[in-house]
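Note that subunit A is present in both complexes that follow, paired respectively with subunit B and with subunit C.
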Partner chain A sequence: MPDILVAADEVAATELLHDGESALGVITDSGSGSLGPFTASYTASASLANGSVDLLPPNIIRVANCELRFSVSFSFSLDLDTILPRLCLPRICIPIPFFDDICTPRICIPWPTITVSLPFSDVVTFTSDFTLNAHLDGSNWLVDVVIVGIPSLTIGPASAAILIALGFAVAAAVAWIPFIGPFLAAAVAAITLAIGVAGVTGLLGPILTAFVSGLTINVYTQPRVFEILPASLPLDPAVNVNLDLIAASVSRTDEDELILTADISA
Partner chain B sequence: MNSLDSRYLKHGDTFAQKFSQPGRYSYSFNLAGLYPLDDADGRFIINVKDSNKQGRKQHNVVVRQQDNKQLVAEPAELNIEAGDMVMWSTFDSATPAFSVSGNSEKHFFDSGALTQEALYTHAFGTEGEIHWGDANGQELAGKIVVKMPRTESARDMKEYRGSLSKGTLVVISGDKVEPTFVEISVGQTVFFAVEKADGVTITDRRLMLKMDRKSAQ
Partner chain C sequence: MSFTQVEHLFAGVDELGINDLLQAFFTARPRHLIYGTPALVPVTTVAATSIPALAFPGIPGGIQFAFVFSIPTVDINPDSSGGTAVLIPGAGEFTVTTTVRIFFQCGSRKSPNDQIDRGRPTFLETELRVVGLCQPVVISSLPGTGEIGIQVKRVEIVDIRPDSLESIVECLILMILQSVLANVRLPFNALTAGAFGLILIAGPVAEADQIKVRGNAL
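Now for the complex of A and B:
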């Protein structure tokens, strides 16, 4: 029989989860990966919000509709010469008043390499199972919920939106290039087609998955030495108890509850 | 920038000069923003010999940057006949903007101050309205409207590509410009033929304003 027992129902557990999400703050990451045929560098940040807790005995906390709010900024270079057809202004000959026929040379226009940057923010929701992990960390007992497996993130809509935004970003990045005007639509189409939703998903998926893979949210922290009576006189010191062991579990009594038990010593 | 300015020849531009008088012309290239080099640097040669021949010939000189430094002409020396034209152009978009100027004992030519029987061509790479004038102060003026062509279908694109081989001629004689208004598509080329003038340029007026502001500062 434990010395102390604390119970939290699903409503209280949801509050603990939201406090844990807030404490987790913003997680950041950066790196590079394949964006279709291109290599993109990225910086990304994400935070968790909302979600409701469903307690499943004996030891599963299911968090439903948890929001992963993310911002990602892609940047990639592309050599337009490899995408667009070569444009050569043909030799033009015309008579001028003081010469019979003067001809310009054929002039080929090289397409430059451009850099496309795209910031994008969105929210994906997921449902995932977490397990409880109560452990001593230095002088504190921590109760964490730790994600079980890797949740499936529905990023198709976000990827499609990114691809559309990429089209606009490409159009803006190439608009300044002389002679490209008549080929602009073809350039944007060729680039977005080469990347495709699959290309965006291929990059975005691992970035977002990294944020939730191994996700640990601290829902409860308690100092190991627990003061139960403060000092009142010089000869009457504070009374402390040691929390020797804390355990966490999901139990069913009259309702499903998150149970914390503690063994103490003086 | 794909700007209209005969003082600064770039990829997509050409400058041509008719050599009606015989002589030995030495010339050099001046990089934009720099003072002209002195005559000793005129190390490219055009030998013009007298001729009564009827057919006149065009000679082409390619300008390129050597070792990321000076500009060189290929060929460096030309032998032509009076009445022939020489056209300078560059095929490398990395070549810095330049002008061409030279002289013989009695005559001179300068792409930065077009006097007679000179030609400047410019391929327009972006759409818009360009009001041009003479940066050297003559009362010359013209307007060029560059429109985006229809390229919605393969047929449109074919027609557009075909239209690129059609040049538009603007003739400048004294202070007269004919025509003063030209409408073309992106990618098309305008030929500015200077029959006789007092050292003029063909310059986008926006660039002239920028220069004026810079001088005022």
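Now for the complex of A and C:
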């Protein structure tokens, strides 16, 4: 029998998980990826919140409807020449008797390259299994819950919303360009068509997956030399015990419980 | 039956764990086991507690003595002795076993105007094995930072005759042991090994070789 046994039902385990989510804080990432025919750079941040715990023996914590709250700031450059028809003044020749015709050269106006910045925030939910991992890390005992596999993230709605926002952003970015008026709707349509929901999903998916792949949430940290009473100066020093072994598991009786055991010594 | 039963959180400390906690407490704070009058403990330190001498007319400096307890160990219900213990812990109870060494100064220093030869002061020593019947009690139920303690209900010291003397010694040791163990505090945080902040709803109870508490997570 362990020296100390702590049991938490799924309600208490859920609170423990939420504390772990809060402690995990905001995770950030940056990089670049393909956005349809274009390349976009991004900075992204995400945090976890909510979710309910279902305990499954011997050591699985299933977290249902966990929220991945993310913000992504995209920046990508678009060469409008690649998607808009060329705007050219045709060559005009004036016939002159007894002499050669006088012709103007064909003049084409190049479309500029524009840079579009697009911040976007949303929430995706996922359900995934986590395993318990109790281990000694240096002078601290940790109990982590480590995600099993890569959860399926439903990011279609987010991708569609990004694509719509992208259309507005492109429209705003090109509005200043001379002669764009007749081509504005075509430009927006061409860009959003070139990218498509699949394009956004192709960029967003890996970004968000990186946040949950290998996800580890710490739910217990205590120093191996564990203070049970603080010093009460000047005559009573702190009282410590050694946490010799910490273990975590899931138990099923008439109720599923998260079990944490500790062996201690003076 | 689940550990948590109708509550959300359970913590149980086995009697061996309680003994480790007591060992840690009294090793860090030995003054709570050692009490002596100024002739033996001139001043209170981390190691020992100084108590006043027992004043008595005509004895210069009063009666000098000391009590030195060993680190107690517990046996939580059910009884682990096979029925041989002098006190058997009943439902919700546990026993504390310790020894107390009593030092007693025989004779006293002679005062300048003293005409009586009191002899050279010497210390006599005896050791008694003490078993106390206890129950866990709530000292503070503050969520997360509450504490449980030990209430000593009676003690048993065997082989003192006559019985009336045994009763007096037992009463004396009971009062002292109650004070000694009143210093012991087991914070909720220790009971949960720091895993949860406990909101105490049920307990503490002493049963199945454990001190058990139940409640909600803070």
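As a convention for this text, the second predicted complex is superposed on the first by the 234 of 266 C-alpha atoms of A that agree within 3 Å, B and C clash if a C-alpha of one lies under 4 Å from a C-alpha of the other, contacts with A are read in each partner's own complex, and residues count from 1 in each chain.
Everything below uses one rule, namely that a contact is a pair of C-beta atoms (placed from the backbone, for glycine too) under 8 Å apart; a residue touches a chain by one contact, two chains touch by 3 or more.
As the structure is a computational prediction, the values presented were derived from the model and not from experiment.
After overlaying the two complexes on the shared chain, residue contacts for A:67 are found with neither subunit B nor subunit C. By the touch criterion defined above, A:185 reaches subunit B but does not reach subunit C.
In the superposed model, A:266 makes contact with subunit C only, not with subunit B.
Judged by the touch definition given at the top, the superposed model places A:240 against subunit C, while subunit B stays out of reach.
Of the two partner chains placed by the overlay, only subunit B lies in contact with A:104; subunit C stays clear of it. When the two complexes are overlaid on their common chain A, residue A:254 makes contact with subunit C while staying clear of subunit B.
Ranked by how many residues of subunit A each touches, subunit B and subunit C are led by C. In the superposition on chain A, contact is made by A:4 with subunit C only, not with subunit B. Contacts of A:91 after superposition: subunit B is touched, whereas subunit C is not reached. Subunit A residues in contact with subunit B (one complex) as well as with subunit C (other complex) do not exist. Considering their complex, residues 1-4, 8-14, 16-17, 20-21, 23-25, 27-29, 31, 44-46, 185-187, 189-196, 209-210, 216-217 of subunit C touch subunit A. Across the complex, subunit C is touched by residues 1-9, 11-12, 15-16, 143, 220, 222, 226, 228-229, 235-241, 243, 246, 251, 253-255, 257, 259-260, 262, 264-266 of subunit A.
Residues of subunit A that touch subunit B in their complex: 87, 89-94, 96-105, 107-110, 177-179, 181-183, 185-186.
Contact residues on subunit B toward subunit A in their complex (touch as defined above): 1-2, 11-12, 14, 16, 18, 56, 58, 60, 85, 87, 89, 91, 93, 117, 119, 121, 123, 125-127, 148-149, 151, 157, 160, 164-167, 169, 171, 173, 185-187, 189, 191, 193, 195.
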